[in-house]
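One structure below.
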Amino acid sequence: MTMMSDRQQLSYIAGQAADARLNVELETEGMTLNIGPQHPATHGTLRIICRLDGEQVVWAEPGCGYMHRGYEKLTEVRTFPQVTTLVNRIDWLGSFANEVPFILAAEKLMDIEAPPRAQMIRTILFELSRIANVSLFLGDLGVQMGAITPVFLAFRDREYVLNLIEGATGGRFHPNFDRIGGLKDDLPKGWIDETRQVMVKLREFCDIIEDLLFGNEIFQSRMRGIGIIPADIAKDYGLSGANLRASGVDYDLRRDQDLPMAWDKADFKVWTHPDGDSFARCWVRLQETRESCRIVEQLLDQIPAGPIMTKVPRIIKVPEGEAWVSTENPLGEMGYYVVSKGDLGPFRVKIRSASFNNISIVPWVLKGVYVPDVITILASLYFILGDIDR
Amino acid sequence: MAPLSDSDTTQEEPAALPGDGLREGIVDDLRRRIGDAVIDTHIAPNDDLWVRVSTDAWRQTAEALKAAGFTFFSFLSGLDWLPSPYGKGEEDPTAEPEEPDTEIRPGVTGGDTRFQVFARLVDIDRHVGITVKADVPDDAPAVDSWTTVFAGANWHERECHEMFGIGFNGHPDLRNMYLPGDFEGFPLRKDFPLLSRMIKPWPGIVDVEPMPAQDEPEEDASS
Amino acid sequence: MIQLAVEIPYWGQSLLRVLGGLVAVLLPAGTIVYLFLFKMMSFMQSRLGPMEAGPYGSLQLVAEVGKWMQKEDLAPDQADHSIFKIAPLVVLTSTFLLVVVVPFGPDAYFTDFAVGVFYGLAVASVSVLGILIAGWASANKYSLLGGLRAAGQLIAYELPMVLATLGVVIQAGSMNLQDIVVAQNTGEIFGFGGLGNPFVITQFLGFVIFMIAVQAELTQPPFDMPIAESELVSGYMTEYSGFRFLIFFIAEFATAGVFAFVASVLFLGGWGVPFDWFGWNNIDQVDDWMNVVGPLIMFTKMLVLTFIIMWVRFSFPRFREDQLQTFAWKVLIPLALANTAVTAIFKVAF
Amino acid sequence: MPDKPKVPGLFKGLGITLGILKDTVVDGANTVQYPHEKEAPPIRARGVIALHEENCTACMLCARSCPDWCIYIEGHKQLAPPRRAGGKPRQVNHLDRFDIDYALCMYCGICVEVCPFDALFWSPEYEYSEPKIADLLHDKEKLGEWMETVPEAPDLEAGANKK
């Protein structure tokens, strides 16, 4: 672990020392602190049980299950269209991005492909839901650190993106717009140039956040060198998305696999950062939001004319077989392993959600860290509870 | 403003997307490492790669694949191939229930036990993923734990144990992940009833009363 | 003392003083809460802020006070009830004790201590006790952490504050606040007397250190570790509700107002305008209408300083605990010592 | 990006908040003060489901395909006047009860899509909250009332081929 900076070494040794000191030298009695399940810093009901020595965390263990809705059991009794309504409630901030891998897996089983126009609009809505998801993260990052202003700017500019999604699909948070073989409807008139104006606003938002937060020396002193995750440990735990790219691993599912989507038609840069600390993770997410705006602008000019849906029978029975599709969701790599036995609904769906792996590293990364840094590291790992508990 | 940090990746040309040649290579390399433990393999044309290994070579496969370059641990979970005896709870009580089939037909790479454990690993540099499966013996459902090879498998194995009842030998603390400690039963097993659909009568049952007066045979209203 | 038309018995004067004290503390608190916390904060976040209660939301504070009044102020049963109840009062009394020493006009002052500055700084540290008691008595881990953090922070930032005022006292040559005001308005800088000699110009470093220390004393972001709402829910105030929380809330903003008063007296020339403009050259010649205009000038100077405090509060994230302490001990205190030494040398040289 | 002089981040942050203060004062905030001003939802917003009763033949397809089981339909058969004069009276399903329980509904829109007779429509109406949860069970007449708030479909973006 060559990349471990001395800060991480220091806090690791401090963690060990805290263990020893607990019972030998000062006979200080450790204090167990429950952060959560109702806590302002967790996106939902996550509970972190940590044993403190003074302000230093000696041992931390997240307790999940408060938001467990048993999705994988529900998918056994539902038909394919009903599962799409279920599935966009896993990562409820970027919800269109949840439907896409499931529908692609079903299409792979039926080996049909959506027409080019539907693929293009799917990619645009995918990137819009990424912008909606990550812009809220950028605002919320400020609140975790104590700055009140960024969160209101985030909600104000995110509103424009949600209005766009609602204009096209009908639902702000749960669009339920994706069908096996294409999309439910086409875009309403005037949607494309409205999207262009919104993209300009979103870029200004990114610049403001970069100056207001990332340029701030206090913010940097709080974030740099905190919660360093080296690349091989990140790969071991299966971290994905910006958390992995912030540790220097150049892995982006939009570019590294050929899905029947339109990412190859837009040229975008995959941002990585060598440090792997909290600042790197947030910085990579900020650059990715800008990249998403660029992608949407490029794709808006290349929407081909044509049908929105291929020939698909009214009652869909997916042929027998197993398929795995994963895409680069706002939180990381989200994938569905769909097993079908040829009847109306899937036989078994394994939902691989990004935050489950991203949070499984918390016991390792929180060892020997101060209490305020627990919040910093959790904020930079950026998880959504529905993603962890499914 | 110029990007804050000095690092930006030189956008080198991404490695070529994996063709099937690469997948055959991987299977041969795996056969060379763990010999006859590889029971069955399946390659979906330039799409994906499945390998089924024998149960006791489960951890050895993990070590072999990690050595072969599959360093990214994606997920690990279980499969229960018994068709559910309860159906969807959407049957028409008037129609007689058709006899549920109980024949266990495993999926892609076959298998002869009810439970299977499967995992997915990805080689980030060659952009290729592999799904590894192994049978779990019916009498003592237990498999070796992967936590010594991939630290990330810890949580996945806890969830799989809690949902399917598959034991993992060598796992540090196999507590319940989501369910309360004293929860008995394994929810994701197909023979675990989904109670929410048992209690409420299904509103989809057609109750359009037939014509009161005539008694000539009326056709079945439901489509 | 100016001779009013009617001879007020002694108890009448003390009653007037009490009323004056209440106004001097609560009026700034009210305006700061409405103007800055409700309106300026929302405008800085591109929203309108409260608009429903009264025209442009002006009665919002009255509505909130009413809300808190009728809320039940409960105490956790393991709490240490006796000191749980008096903690907010301790914090509030420290504000009232501090306002006593602030002069508002040539004759409009509550007391005229010869050692006003010394007394003011001593009294300002009483609020640390209140916060520590509140944190300890609420029998809640988060409040305990908040209380301990507050104790560490407030003590660490008292030293730079004291040293910053030391520079002012050396330059003014006296600890009596009235003399400091006079010294600022009569002195001149290298012969040019038109603008008087507000210490903010000559003591700029002291002014910056004093404002940073005040920001920390008020536990405002970037120094709001004791009420770090994203970690400690709301620090030592977590278990308080109803009327006691109202006292904490009022105390927080009243202290902000009073510290702004003290800062404007020490650095911006207090209630006076440069005496040369009106031909006065010592305090006795100042006309009587100054007793009315003085408080208004103090009020505007207080608003300017509070604007700066609140502006910083709404745009910065918060420090971590140890960075806070290293910033105080390793940066502020050496700077303050250097400032005092330089002022002393200049005092002797010129 | 031209490399601006490195203004310390702290002051740039202050500059930004002051800039936003100026913008809000000059050209007003984005808040829509709800009870006084109302923001019209887009045409396709899924606010409430409206029922066109004549089209409904009680075929139960929507009730079957609803994931939340929140549509309750009861009907009976009756004779209807023949379509052509002198023809045989037709036998038709008459709708007695058609309730949608909005306390359970998750606005997924499967029922509207699956209805073969175009009896269900989406309307962007959203102000129908009730103090009692039981009132959220809208019956046939209430669903009929929503019919006039249903907008006609927006015309599509260029390049979409009209079905």
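Just a few scattered comments:
By written order: A, B, C and D. Residues from 1 in each chain.
Everything that follows uses one rule, which is that contacts are C-beta pairs under 8 Å (C-beta built on N, C-alpha and C of every residue); 3 or more make two chains touch, one makes a residue touch a chain.
Fair warning: this is a prediction, and the values are worked out from it, not measured in the lab.
Ranked by how far their CA centres sit from the centre of chain A, the chains are topped by C. The pair of chains sharing the greatest count of C-beta contacts is A-B.
As a whole-number value, the distance joining the C-alpha centres of chain C and chain D reads 54 Å.
Centre to centre, using the average C-alpha position, chain B and chain D are separated by 37 Å. Distance between chain centres (mean CA atoms), chain A to chain C: 45 Å. Inter-chain centre distance (chain A to chain B, centres taken as mean C-alpha positions): 22 Å.
With touch defined as above, residues shared between interfaces to two or more other chains in chain A number as follows: 78, 149, 153, 156, 211-216, 218-219. Under the contact definition stated at the top, the residues of chain B that touch 2 or more other chains are 1, 90. Within chain C, the positions touching two or more other chains are listed as 44-47, 314-316. All chain pairs that count as touching, in label order, are A-B, A-C, A-D, B-D, C-D. Within the complex formed with chain C, the residues of chain A that make contact are 31, 33, 35, 39-41, 55, 142-149, 152-153, 156, 212-213, 216, 218-219, 221-222, 370-375. Interface of chain A with chain D (complex): residues 78-79, 81-82, 85-86, 117, 149, 153, 156, 159, 163, 166-171, 174, 176, 184-192, 208, 211-220, 303-308.
Those residues of chain B that touch chain D in the shared complex are 1-2, 90, 200, 202-204, 206-211, 218, 221-223.
On the side of chain D, the complex with chain B involves touching residues 1, 3-4, 58-61, 63-64, 66, 69-79, 91, 93. Those residues of chain D whose C-beta lies close enough to touch chain C in the complex are 10, 13-14, 16-18, 20-21, 23-25, 29-31, 33.
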